[in-house]
Amino acid sequence: MTALPEQTDTRPEVDALLSVRNLTIDAGTKPDPIRLVQDFSLDMFPGDRVALVGESGSGKSVTARSIMRLDPDFRLSGSVRFQGQDLLKLSDRQMVRVRGHKIGMVFQDPMGALNPLITIGEQVMEPLRIAGVSRSEAERRAKDVLDELGVVNAAARMKAYPHEFSGGMRQRVVLAMALISNPSLIIADEPTTALDVRVQEQVLTLMDKVSKERGLAVLLITHDLGTVAGFTDRVAVMYSGRKVDEATVDNLFEHPAHPYTQGLLQAVPRIDQTVPRLLTIAGAPPHPAARPAGCAFNPRCPKAFDLCRQEVPELRPAPGGGVVACHHYPEAEAEAEAEAGEEQGA
Amino acid sequence: MSLLELRDVCKTFHAFGREPVKALRDINLTVEEGTITGLVGESGSGKTTIIKSIMGLEKPTSGTITYDGINIPEAKGDELRRVRREVQFVFQDPTSSLNPRMTVEKLVGEGLLVHKLETDRSRRRARVADLLTMVGLSDRDLDRHPRSFSGGQRQRIAIARALAIGPKLLICDEPVSALDVSVQAQVLNLLQDMQEELGFTVLFIAHDLAVVRQICSRVAVIQSGQIVEEGPSETVLANPTHPYTQALLRAVPNPNPTVARQRAQERLAEEKVA
Amino acid sequence: SLSGCTAGRASDGSATSGSSSVVVGFKHEFNTMDPLHADYAQTNMVDNIVYEPLVQFDAANDNKMVGMLATANRVSPDAKSIEFTLRENVVFHDGTPFTAKDVKFSLDRYVRLGQGIASQLAGYKSTTIVDDSHVVVNLSAPNAFFISGLADVYIMEAAAVSAHAGTDDSQGWLQSHEAGTGPYEGSSTSSPDGTTATRFDKYWNFDATRPKQLVFRRIDESATEHDELKAGNIDVALGLTASDAESLKGTSGLAVNFVKTPGQTELFFNNSTGPTADPKIREGLKLAFDYAGGYSRILAGEGTISNGILSPAFTCLPAPTPSVQDKAKAKQLLAGLGSTSLDLRYQSVDDTQTQLATLFQSNLKDLGVNINLVPIAFPDYLKTLSSPSTIPSLMLLNDYIMTSDPGAGLDKLYNSANIGSTNKGAYKNAKVDALLDQARVTTDLAQRCTQYKQVETQVESDSAAAYMYQVAFPVGYRSDLKGITASWSATPISFQTLRLG
Amino acid sequence: MANNSPARQTAVFLVRKAVSSVITLIGLSMFVFLMVKLIPGDEARVAAGENATPAQVEAVRKSLGLDQPFFVQLLQFFGRLLHGDLGTSITTHQSVLQGIEQVMPQTIELVVLAIIIIISVVTPLATLSALRRDGATDVAIKLFVILSAAMPTFWLALLLQYLLGTQIGIVPISGRLSRQFNIPTQTGAVVVDSLLAGNPLAAWDGLQHLIVPAIVLALPFGAQLYRILRAELIQVLSREHLTVARAKGVPQRQLVWRHVLPNSIGPGITLVGIQFGAMTGAAVLVEGVFGLVGVGSYLTNAVAQKDTFAVLGGVLVIGVLVVVSNYVVDVLQLIRDPRLRAGQLG
Amino acid sequence: MSNTLTKIAPLRRRTVRAITGVSGVQVIVPIMVALLVILAIVGPLIAPFDAVYRSNILDSLQAPSAAHWLGTDGQGRDVFWRIIAGAQSSLLSSVLIVTGFSVLGILVATIATLGGKRADEIVMRIVDAALAFPPIIFALGVAAALGPSLSSAVIAMILTGWPVTARLLRGVMKETMSQPFIENARVLGVSRTRLMLHHVLPNSLDVLVVKWAGDIGNTILILGGLSFVGVGAQPPSAEWGAMVTGAKNVIATAPWAALAPGFAIALTALAFGLLGDILQVRFNPALRRR
């Protein structure tokens, strides 16, 4: 665990907008802590669009929230450098200034994400008002952002309450709150999961557009590989608290390296092709307090062998590019295994 | 032969102090025996209202709903009992659709008890155990409560519960939309296998066309309470005629980066034009 | 601003005794100032100083009759009418002179309304105005007891009261207003938590040593009154329990007087029906109670153990027969009761009664007799009196005979004609009835006295009730106040006699 | 859309409430009437006096209409009620309305002060508790609250009076106003009257008289509010919109005031509304000890004397107050929650 | 995930437990309650009759001593033994009251939930009317109608307590009724009775269990309050509320006579209050930790 995982990216770390190194997250008390996330590392550069995928409970949200230090009770170790500053070393007060101002966040449930008692306008303006921006100025900027996000008649709609908005509109408002202070990074935690297919599409398009226009870096969290395909450049796959796979989108979809990634891909029903039966990943992910020995995925892995049950695989460069944590990829065998993986997928 | 038939079903909600909501307008829908029929539409299009009407929990404002010759809204006594026995449901959220206080044995066995199909306790237990094995659980799970299962497993329990009394028609209201992709695949497979094995009829409701395509032979598309397109799923999905169907189809995420990126480009362009 | 409430007795030299305002703490609701209800102690407490009756009786002077608004009276030999000579130069609080028509108006009003004090006027026929200063009160039948009942019958100003007659014969108005001649003027802001009375300077018997103001403040809890008195926030405490009063003794600047009243704590038996119809049982019950123990501990050794059916406050009494416990005899007499358990009714609002009842219950338990204590509310109690069959087997109560001449009281309690209303024990004895009928037409006081004594002896030997204690009413007060003594016109004390030291 | 406007909906809602309140009050009167009639005893005898002759009793019975059958008496009561006449008390011989006017201000003053104490003490305590959930602070507060609510009201009243009033002397022992003050009665509430008379010293003195009884009265009710509020706060604290607010960089203080409290006080407000009636009744337990005469004492006495109209009047007035306070609660809720205004939750 | 903060909770609890050992409360409270229950059962058996009930008037108001641990009351009875003997009537009556009005409340709530819109409306109007009636005054009235005694106080309080329960439960039951599993059961053809007994009630009663424990404490307090205004157990009963009331007049001179039973009440209310709190944490989904 001491070894620094290798980089997927060749760009120098110093230029990174966000550089997470060996982030380990513990919950619970000292004698019996629950390790939610272990040695998570990720680099994001300005304008980067990265997806973080994995089944429910794999630790995606915990990771995202810990970058923002939203849970005071998690014990965090490692480092989270944002624009050169280690967020884990900031005081609570300094952290408040980072949240919402430099890093914006978008959440899953658009209804739950808005305070039902306060008007949309107030909520969108809030980050600016906290920063001391005058009311009229804040109002103007809120209107601009909402306009930009396609809220028709924004000035009037700002006086409305969340319940008067439809799900898709609410998600726009949530996005507006995240964007209003011009952050350079947006973390979107399942922003579309609760939405209808069509609204989902709209919101993604919107995020796509805004981030491109503003050169925003986006960390998109989801469990659905399908939704990331058209949106991101790079995908990191998490399983049971660890990053197990990371690659560029094309690589990942074409040559999924990790058996888990392969499984996820095969499980998505596809509109452009029918299979008699969907291929599934048997079983369920382990509880963070009771992970199996060795590779956490081994009980569900069709290719598991003895080593998998004994030793936790480390991240190594994958044959098709990127990194993967799987005993099937000791450097030499990597190519062959990748082939095998592909065959299975067909 | 059609097992379930909706003819000109309309439903208007009159809430106090609010504008009436026309949730269903002249719905005509036929479910053929032994098939899996899909019903797709976005949120609020009226899918659940249709289901509730079939359940007999909402009375349509007009129109008829016939199940095997029985007009459901009017059904009483023996007829109603037959409907209750032969039509079963699986709901979207496997957590809230299972009584958290009951053990799996009781949950799955309740239908057997209520319809007096198996009144002997130990034999009922054995039947339930069989059902559990059938849906991929085991008899060790008999005395557990639904809370201790994962989402996918809960949905299996819900399916076992529905299948316990041997329904002729199974109606699933978005049974997989709350599940993870990997679990969703498990449940879809299970449904498909069961249907093939037992030969019952399924009305499958979803908003994801890819899911529908995977398991349905026929599909009906509903928009704002109206069926806008209907036909064999291959045909409808390959050549959608209605713009709404087309839009739905395009919205389905495609796990193919090249296609997806291209589509994203198109959308962005459209967005700019609009 | 705190000094008024927190200053203890020590600092009262400047704050309270210098002021001539006296605050009186009292217990239970103060309902109305209407003298119609002067039979109710809290009403009478105030009415007694704002109104005046025609005559009064002096407890300190052998219960002699003294004139108030009447300077002289003469009962006709046939006891069918009384002539009063009225005091001159008396004015009501609004300045109107007092005349005969006010007497007639007042008496007529009471009788017309037929409530409260009207019961003292039973047998009243009419009033004849002779002139401004002479009236004759006519009775429908000879009644020698009548005049002694007039001590609580107050005279009000005809003009002022009839001006506010309304639909209820001025009852609403008089609830919080007064129209009297007394040494104090009532305020118009009386409320359930009390009232204020101010010295009336044109009072015919003006005395500058009366306090300028009397403030009556309702405080229901004895402990609270006790503390307030000690703190100097009230000057007279009328709602103390015996033990609280006892504990005040010896406090500097305070005095405690257990005012001996004409009332007695008594245990009435149902003399007509049920197990207590048997005189032996009644006697047994009477002998079962630990009078001495209750006296020393519950009554704190104040007052006296009863000597007979009347309180020692009365003047014509037979030879004393102190109540004593005799367990052996009681046990023997009560054997006739078998295993029947009896209900003892009492008014649980009075803590002393609760304690006495509990002691009695325990005493009887020692003798193998079960008694259930059943509290009874006042309206229910009154209702039970309507028939001998509903009268409780045992009823513990404080009974007051309000007139210095016990005739009327004895008549109400023991005349069989009054069973169903005021004869609380449904007591019936032809000899007693005859004696009382006789006394009613006897104008000579001494002669009546002999008859009373005969009645008393007879009733007592019939064990009509167990006579327990003379009610000694504990009053705590600022020791520089004078005149806190027993009175016939108000129970336990009248503030007419109150003077600053 | 006029028939759909929030204003109209609100109006309709309030009118509906008013109608059902009136029905409630009528039901309440009938209920009370029946109850009082079931109390054993003879009102006519009480009215006539202990020593009255049977003839006098009958005359009084007739004049009070007590000789009429039950339903006739009830109808007569409602008939008088229409003219604003609550009847006459058989013990005070005073109009019930007037009697209640004399005692009501006292009780309202006490109850309102108690409610002010409850709200101003419980809200911060519950907030602190919820924020430090299960921490030492929370446990300490919880214990304190449960302990103080576990003391019998009247017993605590006696105890506090003895300790604070008599022994330490920091508050007056009993009563409403110290003897050196003479304040003309206007509203009947001492503190208000003192202020109206331009005598702040007297108002302060009146407040000192009220404070201990109000605290004693407040304790058990405060404990209930604390429980509800704490539970609600904890629930609200776990809502996603709070995470969103924190991710927006909202500082703790503003988070509590703007986002947490307004969303949590709903059930608390309703509870205080419901408690109002119970408090006026429970006031009787402290009134006696502190030498106060309020509506509780009035009613206790009236019940003991079987004073039908006094009981009816008193309960009815409390009923009206409860209805009014529920109304106020409803309006407050409407102000608080825009969803209610839109009739979405109604 | 919606409830991130609830997830955090177990952590806090453990920390506190580790540092302060406060969760000892969760051990102590059930023990306290158990002791009280045992006391209520054996109390009257072990307390000597004479010490409890027999007036020993010359020994009245003795200060606590070796012979009388908590002193004697105005009748010279031993306060300690009276408290022991009184546990039964105090606790038993509270349990009876709370159980009584809970049952009534459940019945009423069931009628409101199952009886359709109109029944619901009528029932809720009645509940509102009952709630507008100050409970103490109502209890006073009922007790006055039945004649003051412990049993009429019990009946009075049962009649006073149900509306709150009914209202609370109706809300919860309505919520339960709207859960999909209820629909699920209905379309399975489950009868109304079975629906109520197996589906609605089991999922609604949590709330009641919590309330039940808290109410026991409250009831003991209110029962004492009723004694204070003259309704409740009569002499020579050793019911705690009556003991305090009987001794309130000597609170300055013989404080032990009122203090001791007052503490007994407070302690009991505290124990049940804490129990209610523990149960609330166990049962309230909002406070439950995973």
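Chains: A, B, C, D and E, in written order; residue numbering restarts at 1 for each.
Here is the rule we use: a contact is a pair of C-beta atoms (placed from the backbone, for glycine too) under 8 Å apart; a residue touches a chain by one contact, two chains touch by 3 or more.
What you see is a predicted model; the values in this text were computed from it and never measured.
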Following contacts chain by chain, what is the lowest number of steps it takes to reach chain B starting at chain A?
1
Per mean C-alpha coordinates, the chain lying farthest from chain C is A
What whole-Å value do you get for the distance between chain B and chain E if each is reduced to the mean of its CA atoms?
47
CA centroid of chain D to CA centroid of chain E, Å:
22
What is the distance in Å between the mean C-alpha positions of chain B and chain C?
87
Residues of chain A that touch at least two other chains are 65, 70, 108-109, 112
Going by the touch rule set out above, which residues of chain D reach two or more other chains?
39-40, 158, 162, 166, 239-240, 243, 288, 304, 306
Given the complex with chain D, which residues does chain C contribute to the contact?
1-2, 4-6, 21, 23, 25, 29, 31-32, 34, 36-37, 39-40, 114-120, 122, 168, 171-172, 175-176, 189, 191-193, 215, 217-221, 223-224, 227-228, 230-231, 233, 349, 377-383, 386, 412, 420-422
What part of chain A is in contact with chain B in the complex they form?
55-56, 150, 167, 196-201, 204-206, 208-209, 212, 223-227, 229-231, 249-250, 253, 263-272, 274-275, 277-281, 284
Contact set on chain E toward chain D in their complex:
2-6, 9, 12-13, 15-16, 19-20, 22, 25, 125-126, 128-138, 140-142, 144-145, 147, 214, 217-218, 221, 224-225, 228-230, 241, 244-245, 248, 251-252, 258-259, 262, 265-270, 273-274, 277, 280, 284, 286-287
Give the list of chain B residues in touch with chain E in this complex.
55-57, 80-81, 84-85, 87-89, 91, 93, 96-102, 106, 110-111, 114-115, 158, 161, 165
In their shared complex, at which residues does chain D touch chain E?
20, 23-25, 27-28, 31-32, 35-36, 38-40, 133-136, 139, 142-143, 146-147, 149-155, 158-159, 162, 166, 220, 223, 227, 231-232, 234-235, 237-240, 242-243, 274, 277-282, 284-285, 288, 296, 299-300, 303-304, 306, 311, 314-315, 318-319, 322-323
